[in-house]
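Below, each structure is written out as structure tokens.
In the two complexes that follow, chain A is the common piece, with chain B as its partner first and chain C second.
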Partner chain A sequence: MLSYTLKRLLQGVITVWFIATATFFAMHQVPGDPLTTDKAVPEDIRKNLEEKYGLDKPLFEQYTIFLSNITRGDFGISFTQKNRRVNDIIREQFPVSATLGILAIIFAALGGILWGALTALYRNKLPDIVIMFLVILGISVPSFVMAALGQMGLVSLNDTLGFSVLPVAGWGTVQHMLVPSLVLGLGTMAYLTRLMRSSMLEIVNADYVRTAKAKGLPASRIFTKHQLRNAVLPVITVLGPAIAAITTGGFVVESIFAIPGLGRFFVQAVQQLDYTVIMGTTVFYGAFLVFMVILVDLLYGFIDPRVRIS
Partner chain B sequence: MTENAPNTELDVQSAQDDFNRSAGLKLLWYALLAVIGLALLMVLLSWGSKKLGATSDSSPGIDATNNTISLILSQEPPQLDSTLATDMVSNMVLGHVMEGLLRYDENNALVPGIAERWDIRENGATFWIRDSARWSNGDPVTAADFVFAWRKSVDPANASEYAFILFPIKNAEAINTGKLPKEELGVRATDERTLEVTFERPIAFFDKLVAFSTFSPVQEAFYNQANGRYGADAETILYNGPFSISRWVHGAHLRLEKNPYYWDADRIKLDVIDFPYFTTDTNAALNLFKDGSIAYTGLNAENLQDALNRRWHLDRLQDGSVFFMEFNHREDRITRHRKLRKAMQLVFDPKELVYKVIKLPGFLPGESIFPVWLRGVDGYLRAEYPAPVWEVDIPRAQALLAEFKQEMGIDKIPPLMLLTGDNPASAKQSEYFQALYKQTLDLDIRIDKQIFKQRLAKMTSGEFDLVMAGWGPDFDDPLTFGDLFSSWNLNNRGRYANPEVDRWVRVAQESLDAKTRMDAFGKIQDLLFEDVALLPQYERGVVFVTDPRLHGMVRRAVGPDPDFTNAYIVEP
Partner chain C sequence: MSESTFSADDFKPLPKGAAAEVITRPSMSYWQDAWRRLKENRRAIISLWIIIGLLAFTLIGPYLWTVDHAKQNVDKISERPFTSTEAVLTTPLQPWDIGNRGTPSDPLALAEPATTQTARLVWQAMPGASAYRIYRNIFPYEPGAGLGLPLGETLLPKDTYFEDRLDLQAKTYYYSVVGLDSQLRETAQVVTLEVPVTRVITLTEATERGLLSQASDGKLGEKIHLGTHPFGTDYLGRDLLARLMEGARVSLFIGIVAPFLFVLVGVAYGSIAGFLGGASDQVLMRFADFVVALPFLLFMILFKIAFGIGPGESGVMPMLLALVLLSWPSTARLVRGQILQIREEGYINAAQLLGANTSYLVLRHMIPNTLGVILVTLTFAVPSAIFTEAFLSFIGMGVAPPTPSWGSMCNEGIKTMLTSPHELIFPALFISVTVLAFNLLGDGLRDALDSRMRSRE
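Up next is the complex of A and B:
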């Protein structure tokens, strides 16, 4: 187990290095640089600037400097927010994105498992038909539409009630988190519902379920121990990629609900070619996602003993 | 057996129902547990996120009891070090927390700020700083604070983009290009409260220049003690303006509180200006306004109709910027030929663009590089020197183009590259031009849509035939637009060069006589039209809505905008 974990971690480090390298060179291929500004700057002043930021050095040298800096955990200083360190940006903004992401993924996972189990129990009956229709909606409607609709809903809700039930945007309290995380998790929830439903249906008539029934075990026990527990395995497998989708897809929701998350800084940095912030956030997100996928894989081993053998 | 068979089926069915019922109950129980668990988790997370990351507490848009207004910012201010700030948001915030020698009042007139009086001569200026001017730590604002800030702004090591705005001061340009040490800058403090400025060359509008935020003072001791982080946090800035930043949570919240040390604090009526929301999403801004969470918001094409349906009282103004199509005048470009440009001018009607394509209130059809709000000798420049106009004349344009093609010996003009921005408005306008020139002159226009930085990079390197460009004023003098097409101006990205225009730009730069200068701008306007150096498209307008309880907000084309320093709340 330990050697497996180490192997996976090493693979992860190589993946992150690859992401960083590819991003670094692709970013430098884009026309313009962080010093390109609205107001044109005279040639010698531009040279001073390039020297100050080390952009006058050959690209490969810049790359080695960048690599040696990130091994020390230093992502440098933002070009657009001139006196702010990229590390500070990540430290202050990521907890917000993470909170939003964790809530969304929990919403999605719990909701997906519960709805999925429900639809499987009431297969082809009214609850199944209604929920599966909503699932199709949830999968096909993108999160920015959901977010905009959610916000409009909040405005009308507060308007009709005459007082502020839930804030329309902003961040800080439970009330702020509820709607954005729900909206962010909705797509994944729909996807997981469908997955859970089909995996439940597969085992409803499995041999061991029939045996359990024949043994005379109580229904609630069969449902929990034999059905739910086995059906949930495929759902856990896709949680890794789902976390990736949710944390990186949070940008739109963050923007619409004015949430001070990292996603917004990431997207702005790309638009403004803020080299240090692009690299900092890419490497950070990359490492985070790789780590999450490894974690889910290891977790899977605990839940399903068959996986541990390999 | 035959009797029992249906019964067995019934038994199976009811057993299944029994199973489902108890499984369903179990599921309900799990759902209940999940909801409770989630609720607990959310409480825990909201407590945790307060400890860890960025949060913002918000109050209503207008909070009369606490004398507070809440507003939205399109983004976190990128830079609150006044020597480095360049963007609108930072300048807006700086305009509330800093004050220069002079400032703009509620009627947009230039009035004494930190300087109580001043004297501007041909070769220099003297500013007398008022006794009562204080920093937010109680220290007096001194002439040395200005000397330090101005030297910092032109110091090449500081790498300020707006260093050029100080170039009228003696040696500023030489220092900025590293030819002289920064101590050689033509500004010194003759005593604690007297600031002496020497000019590089005579300048007619120095008083207007010093109201710009780059000219704000910075206290040297404080700057050094901030250890390279001056302007990065609320605690690493010293304020001398009407407000000071009491809370700055990055990416989340900016809170301005009335600065008790401000010399004219009696003038300030609001206690707090709060910015608990940062987002570029205009629909989110509108939703917050509908909800009463913010006191003011701008509107755009997408949400204007919604605002109109609600019968809000909308306001509009020109934001001061001029937009135009710039031609590439470089040697290897076909657009350097005047006949082609003239033909393209003759089929284009800015009124059609503004009233039929843009269709937004506040926008004015473009007629000149000089916008209508600029002041001339006595009144408005554009009233004293009307812009030359043209009538749309398609046959003449076609004839001119045919003539041009014959001269060039070509049958068809090669496709022209139109460089443009990636926002929906630019796309719509570019497509309008594409259709217009195809229909009238059979010209093929290829649209090259680029994000901001890439567009700038391509503009600078000259990879375009036509570009949708714009220019906003830096200071309140026609020269901020007038020198744009001088051959040496690096912002003249189409590399237009006309010795006559250059000559008149020099006159406008060097003369101190208002009439001579305005005449020069009139000449520049005529020459640019005659030569079709550019096609003016429109003067940009903004539409906005404010809470009816908020009074005294000031909008302006030059200087901090919008300005809430004089704002106050009126309860109905």
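Up next is the complex of A and C:
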């Protein structure tokens, strides 16, 4: 187990290095640089600036400097934002994105497991048909449309009731978080519902379930102890990639609901070609996702003893 | 057959060549069988028709609905679907003969009926007012509430007229005139008038827009129909139906061509890795793992910018390239797994014994046997490619503005979503229906083609 964990971690580190390298060279491939602005900068000043930021060095040397900085955990200073270190940007904005993402994952996982189990138990009956219809709808509607509709619904709800039930946009309190995270989680919830349904259907009539019934266990106990526990395993496997999808997909929801998350900074940084912020956010996100997937895999081995052996 | 009905004829030898038994069901190839199963799936067939319909919509549609998608129509901004608008034919704007305006019998009146060209106000002089300020509002006058947009001030007490030509729309305005004292401060003297504005169009403009074939065809004062927009217009007054047709080209092009290309790359890569095996397989698949680990959307944005677009280009090709570069590994993994499985099958050994070489084995046995799985992957890749395009266009990183795509139309529609929701709803509906159709078709194909992945319904 320990050697497996170490091997996975090493692979993770190499993957993050690959991500950093790919981003670095892709970014420097873009014409222009962060010093190019609307205002013409005199040649001498430009030279000084380039020297100061190390942009005059050959690309490969810049790359090695960048790598050595990154191993010390220093992402540098933003080119476009006044006096802000990239580490500070990440430290301040990431918790917002992470809170939104975690809430969305919780919504998605709980909803997906519950609805999936329900549809399997009421297979081909009304609850199954209604839920599966909603699931197909949830898979087919893009997240930004969901977000827009969610906000539109909230506006008209507040309008008809005459007072503000939930805030329409912004960030800060729990009320602010509810609708955006629900909207963000819906797509994943639909996907997990489908997965849970098929894994539950495999299990509904398994031998051990029949044995449990024969022993005279109440249906609720069979459901929680025997069916749910076994059916939930495949859902946990896809949670790693699902976290990846939700955290990166967050910036549409962030922009529609005016949430000060990290995603917005990335889009802005790319438009302004703010080298340090692009590198910082990409490497940080990449590392976060890679280690999230590793964590979920390890967790899976912990939950399912059959996997631990192999 | 009962036991007593044999006759001597039954024991005659059959003529040579005749079949001893007739097989009642013709033998079916894998694809015929899959097609038969797919046809039984009603949802998949309906989806297939929807997809064909969408293709016809974008390929044939522009020939039937010949409205130019880029043409702006400034009197029809954000118009609701199927609104019928008419305009009165008129002459070009005539200068106002102010000297002959006379004195109105009402405190505030129109010198002539207001049109979208001009609204000409005259009023009775107010006692003690040394100048006047004119306001325009879209809400009725209420004491204490604001008067609306200040249009201008007259300079002299005798100037009791004003001509408003500022962006007049065909709706009702409420004009207010406030008397000003000698220090140009507002006094309590206010008169208000409700002014309905009629839409007019000049003969030359009607001819230019193709509403009249010749200027002489129209009579002044006659009402002319301005043309309907079945899906309404957008915030710049462009026909939404034409834009949806044009936008479908980008969305469906990316949605269908990108998956096709990256599946092709993935098949080539995966089959090479699977067939080579050993160390080269390890290296190739590790590289694929790295590409999978790249944060997808961040890299889509980065690559799209890195490939760059020149002026006047729509940016579809960089997006296509970025999508292919980032999406191939999942297919490669799948195909490699399939190839590894098939390699152990008996018929591969048999073919090898018969002297088949590697390329023959791969092209003739391995790829055809994975084709079912590949086709299913392809169908499921279409919705995600459409989503990616829509997402990128939505955050403004997709196609460059004059070119419409469903995603960028959603992005534009969301700004006016509370006042004219149709601008968001139609493109969103098209994206959703397309994605839904491909998802259901994918489900159907999976059930029909791949017995192992068949969903248990």
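Throughout what follows, the second predicted complex is superposed on the first by the 309 of 310 C-alpha atoms of A that agree within 3 Å, B and C clash if a C-alpha of one lies under 4 Å from a C-alpha of the other, contacts with A are read in each partner's own complex, and residues count from 1 in each chain.
Throughout what follows, contacts are C-beta pairs under 8 Å (C-beta built on N, C-alpha and C of every residue); 3 or more make two chains touch, one makes a residue touch a chain.
The model shown is predicted, which means the values in this text are computed figures rather than measured ones.
Does chain B (first) or chain C (second) touch A:Leu10, or do both, or does neither?
It touches nothing on chain B or chain C.
According to the stated criteria, A:Ile129 is in contact with first (chain B), second (chain C), both, or neither; which is it?
Neither: A:Ile129 stays clear of chain B and chain C.
Have a look at where A:Gly172 lands relative to chain B and chain C in the superposition and call it first, second, both or neither.
A:Gly172 sits against chain B, while chain C stays out of touch.
Per the contact definition in the header, classify A:Val30: touching chain B only (first), chain C only (second), both, or neither.
both
Where does A:Thr224 make contact in the superposed view: on chain B (first), on chain C (second), on both, or on neither?
In the superposition, A:Thr224 touches chain B alone.
Examine A:Ser140 and indicate which partner it touches, taking first as chain B and second as chain C; both and neither are also allowed.
second
Could you say whether A:Leu59 touches chain B, chain C, both of them, or neither, answering first, second, both or neither?
So A:Leu59 meets neither chain B nor chain C here.
In the superposed arrangement, does chain B or chain C reach more residues of chain A?
Between chain B and chain C, the winner on chain A residue contacts is B.
In the overlay, answer first, second, both or neither for which of chain B and chain C A:Leu67 touches.
A:Leu67 contacts neither chain B nor chain C.
Based on the superposed arrangement, let me know which partner A:Ile45 touches: chain B (first), chain C (second), both, or neither?
first
Which positions of chain A sit in both the chain B and the chain C interface?
Residues 30-31, 148, 152, 155, 255-256, which sit in both footprints.
Which of the residues in chain A end up touching chain C in this complex?
14-15, 18-19, 22-23, 26-27, 29-31, 136-137, 139-145, 148, 152, 155, 198, 201-202, 244, 248-249, 251-252, 255-256, 266-267, 270, 278, 281-282, 285-286, 289-290, 293
Which part of chain A faces chain B closely enough to touch in the complex?
Checking each residue of chain A against chain B gives 30-33, 36-42, 44-45, 48-49, 52, 80-84, 88-89, 92-96, 99, 102-103, 106-107, 110, 114, 117-118, 121-122, 148, 151-152, 154-155, 158-159, 164, 167-174, 176-178, 213, 218-220, 222-224, 227, 255-258, 260-261, 264-265, 268, 271-273.
Show which residues of chain C lie in contact with chain A when the two form their complex.
That would be residues 289-290, 293-299, 301-303, 305-306, 308, 383, 387, 390-391, 394-395, 397, 410-411, 414, 417-418, 421, 424, 428, 431-433, 435-436, 439-440, 455-456 of chain C.
Going by the contact rule set out above, which residues of chain B touch chain A in the complex?
Residues of chain B touching chain A: 18-27, 30-31, 34, 38, 41-43, 45-46, 48-50, 52-58, 60, 72, 75-76, 78-79, 81, 84, 86, 156-157, 159, 161-164, 176-178, 228-232, 236, 249-253, 276-281, 283-284, 287-288, 290-293, 450-454, 456-458, 460-461, 489-491, 493.
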